[in-house]
């Protein structure tokens, strides 16, 4: 069960160059490639002739040619050429998807194309901001996407899952001041660790003068979780709203369901310090990757266990507040789409 | 769904030596071995005692001994010895299959043994002809056998799937003169590329004097596709019927369904030139293997995609004529077998 | 289908140290760890909060802490701590299992805890006997547990499956004098190979003066097969009951179903000679492991074949007597448990 009418990250802009790229998104096989003008196109990854994934083919003059018998398609999915014959049979076309690039990410709309509104694409200006530098990758998670949202929206796991890497003091995270706010289509969580020791990663990357006030701010909207974290010398006004002069990290966590059992986890980490030192970004990126691989182990093991007895109840705890809100938002959106579909069907009948 | 009453290639003669060989054919596990006189025998590969595949056993005095508790079977499938007891229980036997060697291939009959007529085995004299030399192997295809027939009967794929190996000019293949003829139980396709450049593989193996007339002749019958290809200097009578003095290659493509999802692709390549240079045959064999591995990638990816939505319609193009005929022949044979089975059952009732 | 009300070996004592250990037993995921006093505890391996296997966690002060969000459980399965909150919600607990260590093995009771009687645990004093030394390991078998019992209770397979290792003379084994006795809850089989050559392994480990009287004694009870084998110089009274002064080996084969398709095969080999030479034990252990890997190949291949046509009949032979008795005992116990469950349900209704 997926939300269909939303923009999902299909990849990062730099992933699609001259070769077509295959990505299965909410169970539909998609092939991404660049048209003649460099814009992204997205087609169903299945030739209408003999079913071969079009990603085996090549891009020629901005058109996508099937790698089996050379049928060629434009970005609307229309077959425009069949080797050895002049007539293009009716119905020789594949599905195309609304797709756009914004902030160095590729966004795709898998639902009703009539509802695809580009203004709804997540704005993420830190990929274009001269005061920030970023790096990113993606991690393939063999688990349902909901588990990844749960993971991101309850950071008390950091002290346990990441106890050998970034975890540090589990108690500090669990006992941090926390406020959860629900908006129309999202959840906002803020945690403050005031008057605490900077974690080793912070201390090695930035000059603090002793203890710090540390914040972790989480924003969920369908398709992505944004986490803004940082620290500033203690009692220098950060808690009251002035974070200037502190260390800041902005991580984007785009969550794209591939199938019920697999999820694309596209992530970037942006920093507001040492912008001109690419090795700092690379090291951060490596640390993040290692950390997320720890999550991957947990999520995949958890998913396997849950799948053994799918409907069996679980116990909620206080720290689940944000994750539960997010699950409700997703469930509502799925239910709304189903009921819209039913009433459309009723109208037609 | 398979044709049962036909001779399938079960392997090449040189594959069965002293050890028993396991092969699953149209979903039935078979073990092949050589009797005392060197002839091939084929039994069900499942001991009637505890179900162990007999292929774990050994051949002793032309009998097949189970590798678990030593029960021993003759080539009719009768258990003839049980260690530690004198009496052979009634029903201690396994199924046996009609099997024959001809032209260096092993042919097995999986259907009603009463209908097994050795004269219907495909004749392939080029494995025994002093004017030809051959080499061969097999490629395991993880896809339904029908996709392999489709592949072999529409060679316009050569320019795309094999564009980095033997493909050359896709247009030349697609625009070649083609004639498709249907016989009672087969399809014959001939393609002529007249006045064309010899492809690199031809040019390196044979001396031409410029452009050539090039032919590709495809014969489908249930169980195998034979492809006779070659070239001769342009306008030297090849098109009119005299191919003497030209380069000739004969490739046999025996297609044996193993399961619904897996297929044995036994193939040989025979040449009428440089007969005494085995390194020429070895090189041809390597080239063919590399080429067929390109097909394997395509067929397996295509099959996976098709399996995601089994009944979904596809679009046919002109080049599919031969493949469509072959599919009809196979479908008819399967339907005839089913109806014969039904009327037999009715007679019994 | 498994017997639930019995003690199964869950592992060897030395397998559980500081880290929790995951074991799936009769389809239930279990985590084993040591309490503060060193005793073994066994809990369901699934946190009641988000389902993560508890085996990812750590043991702190004899309590088991989940590796995801730090929920902590005592050996009864009660959650005793939730980071970040004081109240433990009702129902925050996981299942616990009766578990005991005896004779260097860990025994677990998967059925009704009220019926768990420690006095029913198999006694195996040779793990504690100063006149014997032992070594052991476990082999994971990807087949149903019944096939492993069959294997152990019909040793005529030794001459075939192990013909390249310990097999020796298949005829000698098949024609050995054999007596099968059924007790209330077990089967006892004894085989005598009188006046026979000592097998190479015996001859290299012990000094005989020519031919020997050789015995193999097999005792089946639910959960384990014990095999006592040995040899003594011919006509020195062994057959009449005095085995003193002979070579003796005692192998324990604990058979624990993990799932329908996978089985833990815990085994040890104890010897009554060269007790102070650990290298003798290590070599025996290696030989046994190599031998059991031969069984593993056979059992897994056999199981795959049988699974293709689950209900299809097989033929029994004389040597199956013991295995058939064991299968009856298991079937009876399973049927009794089902009928007890039904009558309990009826009483409640």
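Per-chain numbering from 1; labels A, B and C assigned in written order.
Going forward, contacts are C-beta pairs under 8 Å (C-beta built on N, C-alpha and C of every residue); 3 or more make two chains touch, one makes a residue touch a chain.
The model shown is predicted, which means the values in this text are computed figures rather than measured ones.
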item: Graph class of chain-chain contacts, one of line, ring, star, complete, other; value: complete
item: Copies chain A and chain B touch via same or different residues, half shared test; value: different
item: Distance from the mean Cα position of chain B to that of chain A, given in whole angstrom; value: 48
item: Two or more partner chains touched - positions in chain B; value: none
item: Chain A residues within the chain C interface of the complex; value: 150, 154, 156-157, 159-161, 170-171, 174-175, 297-298, 301-302, 305-306, 308, 314-319
item: Of all residues in chain A, those that touch chain B in their complex; value: 29, 45-46, 48-53, 56-57, 65-71, 79, 82-85, 89, 91-92
